[in-house]
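Working notes for the structure below.
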Amino acid sequence: MDGFTYHNIFETKGIEYLAIIAFFAILIPFWIVLNRQVRMTKQLQKRLGILTANMLKIPQGIFFSKNHMWTHLDSKGIAKVGADDLLMHLTGKVKFSKLRKPGEIVQKEDLLAVINHNEKQLKIVSPISGEIISANQILQENPEILNDDPYQKGWMYKIKPSRWIAETSTCYIAEEATGWSVKELERFKDFLATSVERYTPDPSNIILQDGGELIDHTLSELPDEVWQDFQHSFLGTKPKYPHFRGLEKSGYEPEYF
Amino acid sequence: MNFDRRNFFKTVCVAGATLAVGNSFGAVKPDKNTIEFQGVLYDSTRCLGCLACERVCAKAHELPEPKDELKAGVIRKTSEKQRSVINNYVTSKGEVFVKKQCMHCNEPACAAACLTQAMYKTKEGPVVWRGNKCMGCRFCMVSCPFDVPKFEYHSANPKIEKCDMCYDRIKAGKIPACAEACPGDALTFGTRRELIAEARKRIFENPKDYVNEIWGEQVAGGTGWLYLSSAPFNEVGFNTKLQNSSYPELSKGFLYTVPSVFVLLPPLLLGIHEATKNRNHSNDEENE
Amino acid sequence: MNKQAQTIAKDNDGGSIFKFILSELKPKGRILTPFNIIAIPIILLGIVLIVIRFVNGIGSITNLSQDTPWGLWIGFDVVTGVAFAGGAYVLTFMVYILKMEKYRSIVRVTVLNGFLAYLFYAGALLLDLGRPWNVVNPIIGNSFGTSSVLFLVAWHFLLYMIAELIEFSPAIAEWLGTRRARKVLAGLTMGAVIFGITLSTLHQSGLGALFLMAKDKIHPLWYSEFIPIMFLVSSVFAGLSMVIFEGSISHKVFFNQISEKNHKAQSGILQGLAKICAGAMFAYFFLQLLVFIHSKNWDLLNTPMGYWFLFEMIGFVLVPMLLYLYSYRTRNIFLIRLAAILTMLGIILNRLNISVIGFKWDAPVHYYPSWMEIVVTLTVIFTEILIFRWIINRMPVLRDSPAWVEEEH
């Protein structure tokens, strides 16, 4: 800038603006590619049947108990209960047999029903205390609703709760439930590592995909011993049902209502 | 006549220039291929107030000849009908005649402001207005620190009038009409380098006649039209509060930031969008 | 306005688009509303004046001079109008980027307002140009004056209008019943929003940068190198105050179009906006203070222009800021609206101070707009309102979208 010859301090502005236009033109496909990766991985996961935390449905506003039962109070004061999505993903397709009739009084952690895959059983206990109002009839014919829509059409019982606030205060809800589910999946992987070693000849290709992810419906191909282990160690349910306690050990099977 | 003058300058000025200019500019020598700015030196001590330059200018540019007369202390202005004007200033040193017109700045505010490049700084020095591009936004008028461009407010196809240093004449090898017509040798045409050297020489040789400053050497980053005056410049109608750096530098800060904002803001917004996406959408995403 | 007489418009569903548009062109409701009675004569007078302007030149109807080349049309229509249209970029940022769902119901009408504002103020700009037919020159390349801030502003106006049109176009598609077009356009929304916010940031500050070269002509209390940043920050609360003001009027005028849910949400929205405005004005006030300290203009305060400066800063920045704060805390809707009006007056004052009043404030002859300039300005504004009303009465802007639109949010 000597003051004697032509000097333009904005000389490069034209090229800069062209570079900006190029930037925008490249940004759009760049962004699309960046996002497409993520979406594809998710779809892949579903197709291969990999079970991960972000596949789980966790509706807000529903209480989750420690043994993976959910309960939700409607505007008329009646609570619906059922099994949560995580549990259903772990067990896979099951048949449902209810054990309670309307009018019966149940306490928290009393036996409500049994789900089974062939010979393998899982006991379903109640997350709350109260009076049974009704059972969901369509689960007899269409138990797959438990897997497809565990929170709405797949409700198991309607109960009129007697101690709603006290009992749900120990339950998980909303964001806590999401975080809890993630932890439970991890805990389940640890549980499997110990339990399965004992009971199956070749555990790896039944449970884990490459990369250490769980396959969906993990428990369905595993033996009954793992199911029992799952019931006691993982879920921690020791159902309180006075009439049946003695019969458990003798392998008594409840009738299908 | 012109060529003799120029050769005379060249021989004298090389000596003078090396003394005056050489030290401050170091070893910068103009490349033979670089075109240097040309300008005009106006020496108010030589001006007779004859208004020949005004008449010649009007004739050369198809403008009406100015009819009013010079009166001491009465300020006349350039307008859309008059590109150049002489005024008679009453100063502490008596009556001084000063010619006013476009200063042809080195870095003109008007050319930086013009979004169609209708106001254009030519490589040879003169700042010209190219009518086929002008849209009449008058941003040049807002930006010019000397208030030079004048607009035809009463025309359906208005133009901007200002001195263009007779650019077409320069291209044809001639000199500006006013410089040619001036009987008192008040106007000298040459390269800016030569003119500054000549002006310094005149101040050096006749220190009592001149104020020790060349107006236009530094103001607004340096202009192509240079002034020598016997009276202080603020007394002869110049605004001495103007800055010595160029005016386009003032908008440099903003214009230089624009590309950065263009490049940084969209990714930032996309990032915030991704980060807040899951707040409301955690339920929707599993259903996909 | 007769509330009962206005029936809620129906969107086209499967019918011929051409016939539908033809039928929609007919005026609905009463012709002689109070607004029409005032607006139409002024618009007609304005058209006459505009014809005179094109025949005899700008000077025939304005008071512009060689010393003051920019007057009411640039200072008010373009510079202030664009500041008020800033509500669009702020609101789209809040709703689409920050996911503040509370404000989603007013996004469409604000984007529409922004689009119309830019459209009409670009039109007002065309009236101010000496050779409007050459306005294509910086666009087609005759030539690209890339050194100019005005070049940047002009291009941004053009691109921003396109971006806003894309943002608004799902409403047009819903009105015309073109489902596939709507889906495509809705997919473009995010890109248009991001582009629009970037453009807005730059041209709101760019309008301020226009005056940077006029350092010696604008009064030192208003001129600083920070003018662009001040314009940007003030455009935030200028735009939101306009949203509050215009929203309050639309809410009353188009009462029966707005759903029950949106009626109830109105005061919550106003309170939220008041909170944001208070915060932005707080930052702006201290920014002005900082710049004032930096320029060391203390002794200028004790001059007439100094008092004028204090009047603007205290009366029209500090006072409305406190009013917003107070009215937000006390949930007083009336005071929120009052604060909005004061803020808008303050913005008009600020923009005019920089472009007209403070520009060549020491000149012997001051510029003031001629009545004809004011009439033309009113013509532009009234025509914009008429178009706005036409659109609101037909397209799903204030009323709910047609049933076939699945809510994807």
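Some notes on this structure:
We call the chains A, B and C, going by the order they appear; numbering starts again at 1 in every chain.
Methods note: a contact is a pair of C-beta atoms (placed from the backbone, for glycine too) under 8 Å apart; a residue touches a chain by one contact, two chains touch by 3 or more.
What you are looking at is a predicted structure, and each value in this text was computed from that prediction instead of being measured.
Relative to the centroid of every protein C-alpha atom shown, the closest chain centre, again from C-alpha atoms, is found for C.
Sorting all chain pairs by how many C-beta pairs they have in contact places B-C at the top. Greatest centre-to-centre distance from chain A is found for B, with centres as Cα means. Averaging Cα coordinates per chain places chain B and chain C 37 Å apart. Chain A and chain B have CA centres that are 77 Å apart.
For the pair chain A and chain C, the distance between C-alpha centroids works out to 50 Å.
For chain C, residues that reach two or more other chains under the stated contact definition are 144, 147, 195. Looking at chain A, one finds that residues 9-10, 13, 17, 24 touch two or more other chains.
Shown for chain B are the residues in touch with two or more other chains, namely 112, 248, 255, 262, 266, 270. Those residues of chain B that touch chain A in the complex are listed here as 25, 28, 30, 34-37, 106-107, 112, 121, 123, 191-193, 221-222, 246, 248-249, 252, 255, 259, 262-263, 266-267, 270, 282-283, 285-288. If you check the complex, the residues on chain A that touch chain B are 2-7, 9-10, 13, 16-17, 19-20, 23-24, 27, 31, 39, 42, 54-60, 178.
Residues 144, 146-147, 191, 195 of chain C are the ones that touch chain A when the two sit in their complex.
Chain C contributes residues 54-60, 62, 64-67, 69-70, 93, 96-99, 101, 128-132, 134-135, 137-138, 142-145, 147-152, 154, 190, 194-195, 197-198, 201-202, 205-206, 209-217, 225, 228, 359, 409 to its touches with chain B in the complex.
In the complex of the two chains, the chain B residues touching chain C come out as 77, 79-80, 109, 111-117, 132-139, 141-143, 145, 147, 150-158, 239, 241-243, 247-248, 250-251, 253-255, 258, 261-262, 265-266, 269-270, 272-273, 276-277, 279-280.
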